[in-house]
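Presented sequentially are two complexes of chain A, the first with chain B as partner and the second with chain C.
Right, the complex of A and B next:
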């Protein structure tokens, strides 16, 4: 209880400091929370950016497309690497090495290849989400006790049954964790892509507000984007909990 | 051994088939140049690219030093004081999770273009993963070690220096390995967003100029550099764990 109050107190103190500092500073650079609220209201009432719903919808569709591709490719590659021992030993470390490259390195090439429209954002979100999902599937497959698989086979279980009854339950935890990380990274990838260069979407609005020094609008747009980020993670955590209940 | 050979074969096969596909004209060389063209481009832009890479790595080193120092000390302090940990940890986790790119425009507004925002943003990127790992490690230090040290009359200073710090070394190293990638990522993002020098800026302008061979060469160079850095850190890590026994 005391901890909760202290947490809230800390937040209030930070907001108060921000308010005082923001009022004292150049209004083009720093916006106190009291100035953010009207900007947020204008934004949500579609006064400052009437294209907000369309932009959000575009960003959401980009995230959805990137995530679906990442899940499909990640599951496919992960199982391929996990099921074949040699393939996994040859390509697994190469994949891990590629994962060590800061992904944003690929973004200019993707932009050149796919243009400034949605495709380059989808490709970048896909790229960020693909690696954690693949590596999680790979780690998950390796967690499965091979004796269990052998025994199940010996008792006449088919491939599908072995997968459903033996492999999936023992790797589900890792798998779902990877899927959750993958979603978070897809969201980040699409937003980073939009901010680094785009023609439409929430990142474009953020860039627009920043470029015109409409700092209050910028902060309001960031808050709206945060709702999207947090919302997607809450959704993923609900699914994660559901999956855990299923294993138990 | 067999694995190494097969890895080499994979890379060579990929390069050869890429070259063949590009030469046969199945892909537009404007977008996907052949590896041989990329190699020639690397020679062409070598000077600029290495200068840019040096600039980027210099900024990354400063950002990295900042985020390791701040991350480890903040992690130790917040992790070892119970009340502080309970109050702060949701905030730290939240700050770790939110996309830092959202504050990048504001950092650029405050600090302008150039080196400073890159260092600050790179450090911000690297700080939280390190801090979260160290916080967790400090929390999970074996309580008996602390109790025994206390009952043998260890001072608070000795408790931190002789018990806590040695116990968290593996997590600090893991955090440092993770942190370098985040710092480099952050620096490159700023250079692309608001750079005047450095590899991110070079790559951004090559992409805008549709110079695909040069862009691929630059991308390959940065990738090779970051893989080399991570492998070197891993190697160091192995050495250190041998030394610790």
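Right, the complex of A and C next:
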């Protein structure tokens, strides 16, 4: 409770600083909260950007597609690399090196390959989300205590049972953590992709508002995006807590 | 070598080699051993003499390079939890399962309905001295308790043969002695056939009907000791002292060879 009050107090203080600083600065570049509120109202009432719902819906679908692909490929590659020691030793370091490259350098070629429509955003979101999921699976497989696998074998477990009863519970934590990071990065990838070059989606609206120096609208759009991102992370953390309870 | 009662386990000319980075190493060489039903047979010998390998073969987890192992007259090829249950050196409990759920594990794999396996496991916890600990997780249990849960997991599937790989090796001396007394009680009540691997002379003499002394690598059966004294045994009797001295001189010789 106390934490909550402190947090609200801090938020109010920040808003106050923003208000004062915003009024002092060039109104084209910085807008105080008092100017953002009407812009946010216009945005939500679909006066400034009537295409907002369609844009949000498109962005959400892009995120969904990117995430599903990232999860499927990440789990597949992770388990393949983790289970086959040779394959893992050959590919593991390359994967880690690729992960270290700032992913945004690939985006121009993704646009060339997939065009300005949704496909290039999905591809970019996938690219960002794929690595943490794969690496989490790899780390998780390494966490499995081989003795527990032997125990399960001794009690008659086959490969499927070992996977379900020993491997999954052993690595659940790491796995769910990777899935959560993967989702956050998919969201980032899709939105960044839209901002860098697209024809539709929330990123396009942001780009438009910012390009026309409609700073108040721009900030309002960013706030909407923030809600989207925080929402997806809250959802993921709920799932994480659920998995945690299941393991214990 | 003759078994007191009907033969249950026959190990016939078993050899096992491992490939290491410095070439092949023979872990076991031409080992033969026969264990009768209801026996408590202890394998004792220097470290690295292949005791655990032999146990792994009986459990169907390791395949021999030569020779064969028979349980009930049938060759052992894969783990068969209906006939053989194993207790591992450091318990090997699943940390995400409670004590009760760990005991249930083998029954779960055999497809025993939930209510029935819960009942079987709950009934075992009493004699295991774990009545109040059913819902505890392994990290909340002491070393001795963990090992008792592991033994409970092995007893739950009610296999005739119990393989125990240094089950008390990681425990302190006092707990170890008490666990030995407890195991003796369990064994005499359940009439299992036990193959027990240990480094402890005390455990070997206190528990076993037979003791097989193994040589340094490559492991062979050096000698066989038949113990017919009544249980519970007094470890201070002159007879026991003589046996202890005899066993120690044989093991000492092999341990010295293993150290070289």
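Keep this in mind: the second predicted complex is superposed on the first by the 239 of 248 C-alpha atoms of A that agree within 3 Å, B and C clash if a C-alpha of one lies under 4 Å from a C-alpha of the other, contacts with A are read in each partner's own complex, and residues count from 1 in each chain.
Operating definition for what follows: a contact is a pair of C-beta atoms (placed from the backbone, for glycine too) under 8 Å apart; a residue touches a chain by one contact, two chains touch by 3 or more.
Everything numeric here is computed off the predicted structure, so don't read it as measured data.
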Which partner, chain B or chain C, touches the larger number of chain A residues? B
Taking the superposition as given, does A:3 touch the first partner, chain B, the second, chain C, both, or neither? first
Should A:166 be classified as contacting the first partner (chain B), the second (chain C), both, or neither? second
Once chain A of both complexes is superposed, is A:155 in touch with chain B (first), chain C (second), both, or neither? second
Which partner does A:147 reach: the first (chain B), the second (chain C), both, or neither? second
Within the complex, which stretch of chain C touches chain A? 59-61, 79-81, 85-86, 88, 90, 92, 94, 96, 105-106, 109-110, 137, 153, 157
Help me check something: in the complex, which residues belonging to chain B touch chain A? 3, 6-7, 10, 31-32, 83, 86-88, 90-91, 97-99, 101-106, 108-110, 181, 184-185, 188-189, 192-193, 200, 203-204, 206-207, 210, 212, 215-216, 219, 222-223, 226-227, 230-231
Which residues, counting only chain A, touch chain C once they are in their complex? 147-148, 150-157, 161, 165-166, 169-170, 172, 247-248
Contact residues on chain A for chain B in the complex? 3, 6-7, 10-11, 28-30, 86, 89-91, 93-94, 97-98, 100-109, 111-113, 184, 187-188, 191-192, 195-196, 206-207, 210, 213, 215, 218-219, 222, 225-226, 229-230, 233
